[in-house]
Amino acid sequence: MEITLNHYLILSAVLFTIGLIGALTRRHIIIMLVCLEIMLNAANLNLIAFWHFGPNPILLHGPLFTLFTIAIAATEAALGLALVLAIYRHFKTVDLEQVQDLKE
Amino acid sequence: MNLFNFTDSVGWLMWVPICPLIAGVFLALLKPSGRVSAFVAIAALAVSLILSLKAFAMTWGHEAQIETHNFTWMHIGGVDLEFGMVLNALTGSMLAMVSLIGLLIFIYSWSYMSHDDRMGRFFCYLSIFMVGMLGLVVANSLLLFFMFWEIVGLASYLLIGFWFQKPSAAAAAKKAFITTRIGDLGFLIGLLWAFKATGTFLLFDNGSGILETTQIAALAASENVMFGMNTAGAIALFLFIGAIGKSGQLPLHVWLPDAMEGPTPVSALIHAATMVAAGVFLVARAFPLFIADLAMLEVVAWFGAFTTLFAALVAVGQYDIKRILAYSTVSQLGLMMVGLGAGGLALKEGGISIGMFHLLTHAFFKALLFLGAGSIIHGCNDEQDVRLMGGVFSKMKISSIAYLAGTIALCAFPFTSGYFSKDQILLSAWTASGPIFWISAIASLLTAFYMTRQCCYVFLGKYRGKGHVHESSPIMTVPLVILAVFAVALGYVSEHFYHILDYLSGVHVHQHESIVVIISWIIALGGIGLGLLVYARAKLGIDETDPVKKVFPVPYRWLENRLYADEFYEATAFKLWDVLAILITVLEAIMNQLVDFVTVVVRNIGSFFLNTIDKRVIDEVSFDGTCSRIYNSSQINKLIQNGFLQGYLRLLTGGAVLIGILLIVFTR
Amino acid sequence: MITTITFIPLVAALAIVLAPSANRGMIKILALVGTLISSVLAIQLVLHFDFGGELQFVEKYAWIPSIGVDYFLGIDGLNALLVLLVAFLSPIFVLASWKVDEKAKTYFSLLCLQITALYGAFTALNFFHWFIFWEGALVPVFFLIKLYGGDGRHKAAISFFIFTVLGSVAMLLGVLLLYLNTGSFDFIELRKLAVEGVIFEKLGVLYPTIFVAVMLGLWVKVPLFPLHPWQAAAYAEAPVAVSMVLTGVMSKMGVYGFLRLVVPVFPEAIRDYSNTLLNLTLITILWGAFLALRQSDIKRILAYSSLNHVAYCMFGIFAVGAAMGVDKINAPAIAMQGAILQMFAHGIGASGLFYVAGKMEEVGGTRDIRAFGGLGTVMPRYAFVFSFLIFSSLGLPFLAGFAAEILIFSGVFSIAPIHTGFALLGLLATAIFLLTIIQRIFTGKTNATHFGATDISYGEVLIILPLLVLTVWIGVAPSTWLILSDQFVQTLVSLLIR
Amino acid sequence: MTVAFYIMAAIAVLGAVMAIALRNVVHAVFSVLLFFSALAGLFILLLAEFIAVVQVLVYIGSVGILMLFAIMLTTKVTGDPTRKLLSRGWAWGGLVSGALLLAFLVPLITQSKSESNSQLSNFNPSVKDLGLTLMDPYFASVGVIALLLTAGLIAAVVAASSASGE
């Protein structure tokens, strides 16, 4: 069977959901960030797939968009991890459940 | 560079400063004991003296001849920055004088400093000084001249601050260095300008040096470069600023009296005989530039005239024996400037002789006076206040006679050396300008007066100080005697038997005016007579009012306070300088505040991210306000808004699911 | 060869990371050996430098051909002296931090990393990896200040970081724009294009913008007014060796960048804006000097004095742009040679000064000079070394500072006499505050608290001795060093002067 | 092609699942690296080589390393297995996620036609084209991104440092 756009979309949907599940259920804050990255990557896969099978690939929109996403994702990761450090210093834990200062 | 060829080229002249340099480095690195240090330094200087005398002998009789030896220091972009040595009458005579007086003072210091445990260091500094002084005398490059000039400044700084444990000595050293540096910056501009205009730093270079006719003609050709002067005049003006700083001329004289904080041999060597004369020597060396613009000569003469009168006046009101001599030095240096300026106006090139002759004679008798003063201070148990001396003559015969010999020379008593040289200055001033002549004449009269006053204080009456007066050791008195002979005889011998004036400038100098001779007799004898009249019979002492003060109390207090020159600078230049510094500090503080502000902003953005929802903005203003209302009204919200991050996320996902369902349903 | 020199300290850094952290002696020895090998090799390399030739010891390999990035290293007249500077100073940096014991592992590995970056930044000839080294030099310093600095280290590190990163971003954008228009990251290639006038033509309206953008990064690094406020705090709060790195080498990176990236590539702009550039430099000179007058923190005084001295370099460089032509003394060449020599001389002298200033903090526990007095009596050796360096710094003839400054002034005076006149005021202020330091610390009565102070050991004298010898050497025989850059300067000047 | 796709997809799913399922945080990060590389492989299959390279550089090279660093700085270097894996109310999370997956998949599966012909076979995008497009029409965006990255960098530094500074 030939690989079509749908294959990629389903794969990316599955990956995204895996990431989401992780983000919604795990209690380790770093794992949560890891899951965010997984979701972003799933989205990237989507973008590239649409470009590849799209009507006008010569415009290179897909890779460009992905490039920007990756750049932002990298920043986000750096920032997020810095925040993790800050949270860790403040609460002395990386357990999300114990980090519940937001309601105050 | 052929340093070892002692016959043809003059490259060996470099050995004159190198000898003391070797001694200085040796003393600095190996730190031998005091005795050995003194021996090494004296031996090295003796070698320099021999070489200097050889140089002197070579120039004697070959006045107009100029021999040079140049070499490249740096080579940049096809241009050479050259250094060199020059040998002419000016070099020869100055070398002989500097190394001879230097040697005598070295010998004197051997005894004077023998009780100081840092004697080795002292001789090291003295050697460095001799390096600079001898170096600038032989230098054939304005740049090299400047470099040695600065070395001299450094040595002076080190020696004034030799007893650095005394705060006043340290302060005086700093003051001296900085004040002279103001002048040095002028010198620096002058030499840069000369370099720009001529393309060389060399003074003499087979016709293309700065001081040689072709270049001078080119420099003088440009009209009205600055203040109506031509380029040569402008360069000369800046060089003269350097000379003002080094030679303690009027606006920048304040450091010289304070420099007396140093050991007495230092005062004698540096601040009387040699270093301060370097400024005068600079003007003499660069004299062709000065004659190229007559306005510049007038400037020199007027500065000199004001300085000589000012300092002579102040000297009348001083009590510290070294301070009197210091002001006297300032005054005499002013007189040399008058000699150069007025001499240049009257005699063109011959002006060099007028100023330099006085420089040479003055070096001998002023060194003598300082060493004598040192000897007296030693004898009076380190007392410097003349009011606490008295009756010294009978106790210290040799020192006193030598000192008196110096005094009469300084007063220009007929047929002493001071008489001949000062006579020449007055003669040329008479030809050049009436006011300058009369100012100089009054200053000379005052000179005779205050020297007589000082001698009356020191030698007459009874001893007023503590302890006993005792004569100094022979090592100290022998140099005094030698110097005394020079002080008395040098003028007559050199002028009448050897025509030193013709020798110094290389042109025939002859001036004669009977009336001036008569006036100068009147001045010298009158000044001394007046002094004796006022002070010989008066009661002197620390508790007594000075006889002049009794008559003119207010002006005399001004003189005692040195005509408020220091206070004037304190109130003007220092304030201005401080205001500038404060202004910039304030501006910088404002800039730093700005930077801090930016840093704070960046930090706040950071902490905004840090807390995800910033407490102050969201909680208090919008979120908290809205939230509390909902909170009160609804119980469901309480379940959701529990501050648990993943709780929010799950809600968010639920929302996304809802949107997805809506899309599926409605796009079908 | 250059690669070897550059990366040996990095290898040392890695070795230090792997070394047991308890064994501090081994860590220090590793750092010292690493830097020493590099230094010896670098000196050896420069000894074989052919003075008449252009670029030498070239290493050029295609790296990312599609965007024209080569791995391109080489030594010419400009960086030979700077490589020597790093070679002379880097072992001294390590020796100067011999007393660091806390977190020694991190410290020495960062220091070695720093030295790699310095070698790299001075020898790289392609913007791409030059920039990596350039930024790479920034990061270790940031951490060294932040982790090992004085009381105000956090603020100092942050403002240092913000200023330099913003500057670097501006420069990066500028160079990217330059690349887009010219298609080259290669310094040598860019210079050739500039000579042919291609750059000026191609950039068109963007030319001034790109020029300013590229310049900003360097302007911060030097630094020049008004982008200097990070400097004093960083110099003052950094640990001793890092202050030495900052003043001795990092500030020279900025000047080097000007000579490598700005002056040859934007000669038109340097000419057109020479007046503004000279004015700003003059302000920096006076600014630094006058600020130093009213400080009492020794490292701050030295920091401002460094601001003032490095500005002299830029003074010489910018004056070349203002020159109307080559006159009989070839003033532009003299000024530029002076600037290059000043980089070297100041690198040596200022590092030494910061070293001895660090010693002062050790003795008195404070950097405030008002707390000292009469140290000359109890610490004569220290007083000698300190005064020696101070006199070199205030421009005493036959010492390093003078040789460089007289060249700068002789060159600049022929081009911009009024500016020079004002700049000399800076020289006066320098003398005042430097002598005030001596007066405060060494003269007068000895403070009771310092009676027990021990003089610097002969070991410490030995550390500083090479610097003293070099100071005299530069001062007495500057030709030894000038000859390296002579050819380069003549070429560059002929390029700038039409 | 087909086989390659399935292998890559399997690795990617496996990596992702392991990342969220493993107890040991360090192991989880390593498995997410596996996931990243599988995705890079997929990008290559989709003829986006440059993106694949960037993927490797940025994600595996820097993000992964950053995460490892963060773990080391917060927990022990080995990364101790967390005692409690899931947070409270995890079932809700699983539920909504499952719902979202359904919301994704329903239209995909029910969709009748799906094209497979790629236009890319007749032209090969080079890195150069990409770079030119990036720097020419999208230059402003690049600038904005650069500034954003700087701001993010500074923020990260501040966030990581200020907590300790005060």
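As written, the chains take the letters A, B, C and D, and residue 1 is the first residue of each chain.
One rule holds in what follows: a residue touches a chain if its C-beta (ideal position, glycine included) is under 8 Å from a C-beta of that chain, and two chains touch if they have at least 3 such contacts.
All of these numbers come straight from a predicted model, not from anything done at the bench.
Trainee: For chain A and chain D, let me know how many angstrom lie between their CA-based centres, rounded off.
Mentor: Roughly 5 Å separates the two chain centres.
Trainee: Quick one: report the Å distance separating chain C from chain D, using the average Cα coordinate of each chain.
Mentor: Between these chains, centre-to-centre, one finds 42 Å.
Trainee: Would you kindly tell me how far, in whole Å, the mean C-alpha position of chain B lies from that of chain A?
Mentor: Taking the average C-alpha coordinate of chain A and of chain B, the gap between them is 75 Å.
Trainee: Two or more other chains in contact with one residue: find those residues in chain A.
Mentor: 20, 23-25, 27, 79, 83, 86, 96-97 - these are the residues of chain A that touch more than one other chain.
Trainee: Where in chain D do residues touch two or more other chains at once?
Mentor: Touching at least two other chains: 87-88, 92-93, 96-97, 100, 104, 153-155, 157-159, 162-163.
Trainee: Listing for chain B: what residues touch at least two other chains?
Mentor: 602-603, 609-610, 644, 646, 649-650, 653
Trainee: Based on the touch definition given at the start, go ahead and assign the chain network to line, ring, star, complete or other.
Mentor: Shape of the chain contacts: other, as it matches none of the listed patterns.
Trainee: What are all the chain pairs that meet the touch criterion?
Mentor: The set of touching chain pairs is A-B, A-D, B-C, B-D, C-D.
Trainee: Using the touch definition up top, name the residues of chain B that touch chain C in the complex.
Mentor: 72-79, 81, 143, 146-148, 150-151, 154, 157, 161, 164-167, 169-171, 174, 177-178, 181-182, 185, 188-189, 192-193, 195-196, 199, 577, 580-582, 584-585, 588, 591-592, 594-596, 598-599, 602-603
Trainee: Can you name the residues of chain B that touch chain D in the complex?
Mentor: 602-603, 605-607, 609-610, 644, 646-647, 649-650, 653-654, 656-657, 660-661, 664
Trainee: Could you pull out which chain D residues touch chain B in their complex?
Mentor: Residues 87-89, 92-93, 96-97, 99-100, 103-104, 106-107, 151, 154-155, 157-159, 162-163.
Trainee: Report the residues of chain A in contact with chain D in the complex, numbered from low to high.
Mentor: Residue list for chain A touching chain D: 1-11, 13-28, 30-31, 33-35, 37-38, 41, 44-45, 48-49, 51-60, 62-64, 66-68, 70-79, 81-86, 88-90, 94-97.
Trainee: Spell out the part of chain A that touches chain B in their complex, as residue ranges.
Mentor: 20, 23-25, 27, 32, 79, 83, 86, 96-97, 99-104
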